[in-house]
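A short write-up of the structure that comes next.
In order of appearance the chains are A, B, C and D, and numbering begins at 1 in each one.
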Amino acid sequence: MKVTINCDMGEGFGLYRMGDDEGLMPMTDLANVACGFHASDPVVMRKTVRLAKLKNVQVGAHPSLPDLQGFGRREMKIEPDELRAVLIYQVGALSGFLHTEGMKLSHIKPHGSLYGMAARMPEVIEAVCDVAGQFGVPVLGMSGTLHEEVCKARGVPMVPEFFADLDYDKNGKLLITREHAAVDARAAAQRVLRVLREGKVASAEGPDVALHAESICVHSDTPGAVAVAQAVRKAVDDFNRAAGARG
Amino acid sequence: MKVTINCDMGEGFGLYRMGDDEGLMPMTDLANVACGFHASDPVVMRKTVRLAKLKNVQVGAHPSLPDLQGFGRREMKIEPDELRAVLIYQVGALSGFLHTEGMKLSHIKPHGSLYGMAARMPEVIEAVCDVAGQFGVPVLGMSGTLHEEVCKARGVPMVPEFFADLDYDKNGKLLITREHAAVDARAAAQRVLRVLREGKVASAEGPDVALHAESICVHSDTPGAVAVAQAVRKAVDDFNRAAGARG
Amino acid sequence: MKVTINCDMGEGFGLYRMGDDEGLMPMTDLANVACGFHASDPVVMRKTVRLAKLKNVQVGAHPSLPDLQGFGRREMKIEPDELRAVLIYQVGALSGFLHTEGMKLSHIKPHGSLYGMAARMPEVIEAVCDVAGQFGVPVLGMSGTLHEEVCKARGVPMVPEFFADLDYDKNGKLLITREHAAVDARAAAQRVLRVLREGKVASAEGPDVALHAESICVHSDTPGAVAVAQAVRKAVDDFNRAAGARG
Amino acid sequence: MKVTINCDMGEGFGLYRMGDDEGLMPMTDLANVACGFHASDPVVMRKTVRLAKLKNVQVGAHPSLPDLQGFGRREMKIEPDELRAVLIYQVGALSGFLHTEGMKLSHIKPHGSLYGMAARMPEVIEAVCDVAGQFGVPVLGMSGTLHEEVCKARGVPMVPEFFADLDYDKNGKLLITREHAAVDARAAAQRVLRVLREGKVASAEGPDVALHAESICVHSDTPGAVAVAQAVRKAVDDFNRAAGARG
């Protein structure tokens, strides 16, 4: 199985732009498309789904806590059953656009604070798993967290991912920021290659942490995102070729 | 084909209640379920879909202009292509809940101002038709308006409906109100029977207008809605029995 | 100083109703008016302010976390500085209606989860205090919590209140519920009198807890709220008369 | 009286940016600050008000129809009395930030579709006038339209403005666009000078139209807005100096 690149897409809203979707789509295998709760709106969603179709990119749902003003990056207490409904609504809305474009839903990846909550609160990842199971798609998540443990327990496939442009602490916890800082494209690509080859990355504090990844996430709202994606694309392609030669 | 009763449902929002869905569901054949743009939220939508399933009621989408505060009853200029996206989003979201409950989408009925706009603006009803066509379901609309004309022209089936609890003017135009006034249950039932048998109703100004109906709409936010629905249910059942005996 | 009754008001939204403001206003001294973030909208706010003016009721702001769908009853992580801005916006909006009606802002009382957070998170009550100070009004809060401690430290007056229709645990912590259950009017009035006379109330677990109150809160969305308010009004008037006779 | 430059400011939302407020503020006399209904949020509003204070720029309210997703550029039917409430809410919210910064409200300028509606629907500009009157500030509007006529009739001062970066038709009607196209800075400055000196501008169709202006509007979301503002600033300063020398 080839390592993929996934990218959060369709995060504009009305006249507002966020991320260079056109620039990034050609480097992407899996588009995580915002569903209107942290970003996006019906027009942006349709445009993003069509762009993905044009570039042969698979489309997954990128559902969020209901928090447009906070871009889904403010943690919120939400009952598990309410969360299930909130997820079904968003996945359904995206599926509407996939249906009209003749495409299939590829995966679900929770966005922002919901992603972080799902990594440490069983009831949150359980809700995500259940909805992924109902739509018959895998979850994009992190190895070594509740993402992996709960998906396994519920029989829902999980694709483990590594964030090329975010830091991890020495316990392997992802350090989510409300606005993403610029990263060096070469350094990002090297981090990616090391994770893929050795299963390790240097933490923000220095020591290495172990991480298993089958997909690499590149954020579209990181300054210089296209350069990062190009460098990571090359790294991933090199790795896939070498793995193919070995396999 | 039997005449049906359709009812707008799931129009609560958060802690707010609107309409006695539990009381009306047993009298209903087709539930027009709000999709979060004029009313409803994910929790209310799921609850409404489950209630419909329990009572063997078919579920259609009741999409609206994006206007939660105005309950979709404030007309708004919206580009046809934006409207298509707005409709797909809402129909998709509802379809998410239908999917998880193992149900099929039954129809689409535009809500409030969108319904009125669709009756007189070709580009609006064209957008509704196109989305109904993409989801393979009929439109619930009014005979003698652009609803009928455009659905026919686009090859999308339309089920003509009569509003048991609203007035029509002498040109057959529905008089939509932001808040619905109480109506007399008996009088509503008699109006319904006359429409079904004679294809006529007395307009607000007095003179009869011709109307063809295969479904009767009862609003859940009309004061005394359950009594109206009971009376109309009996009238429709009587009509269907008589029609069956004739057929 | 007389003991007052305060009541959350103006919690409708669009066509949705919440609480019997007309029924409760005559029993109220201080109206805590929703500002559009957990409930209310411009039309509801103006109507509520005008009703208060008509009944000689003082108007304070009842600002909330930004959470209309959750009625401000879902806890949310929010930066203190963002919270200050969120509070100023809401207090300012309400002050707009007070200005056009020739009234003065009376107080600030945080709503729902924000109220609870302010009782235990210093940075939250500090933000509330700072904004109250900037508008020159007291905070309505709870004795024995951070409300009292931080208001005192920042030199902002706090009016301690007792909730006639909610339970307290044995540590004096208010048990906030997303939907309010019915309470017995007589029992509520007796709880109020005991708090005013003895400074004590029976906790949900049984043992008494000490509470000091100068204002009594009656919720308008509790079933039977008007009867509760009438009984509490009588209890408070009796207490005030007796205190006046003693003074 | 000196001619001023006014600029729509604070039109970001959450993480989204719109317009180079920092770049434009030094060239601006009057900032029209968005109030959260078409753009902006509490954090953006406070930041914008503070930036204006720092640069000695006067702050007016830039209220809109409630349409965040459409950036207030979709026309909507709204009852005059509801509109008044919607305006008071927004002006009040902005006044909250002005109050905490020790500033005074300078003026009101309706945004987007509301601006256009106010130029041709008496009940809309009447609502704007009434609210401006209640807050004791002038309206920024267009000469030769209902803006001028109704303000005069209601005794509310109006400052007539000219749009440096938008076209007018041959009847003097402003051609409002959902996204603003780039304009040539030099040409814009020359248009401004001609309007100030001769009271005329070439319409989109060619023929001149008469326009009287005492303030020049530069949009911050026009591509190249800073260069346009610099050129217009110089033109306005030249005109003011010459007028001062003449006066």
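Rule of thumb we're sticking to: a contact is a pair of C-beta atoms (placed from the backbone, for glycine too) under 8 Å apart; a residue touches a chain by one contact, two chains touch by 3 or more.
Model, not experiment: these values are computed from the prediction.
Any chain touching chain A that also touches chain B appears here: C, D. In this structure chain A contacts its sequence twin chain D using mostly the same residue numbers, the overlap exceeding half. Taking each chain's centre as the mean of its C-alpha atoms, chain B lies 42 Å from chain D. Measuring from the averaged C-alpha position of chain B to that of chain C gives a distance of 41 Å. Within chain A, residues 41, 69-70 each touch two or more of the remaining chains. For chain A in complex with chain C, the touching residues are 66-67, 69-70, 74-78, 113. Chain D makes touch with chain A in their complex at residues 13-18, 41, 68-71, 178-179, 221. Residues 36, 41-43, 45-46, 81-82, 84-86, 88-97, 99-100, 131, 134-135 of chain D touch chain C in their complex.
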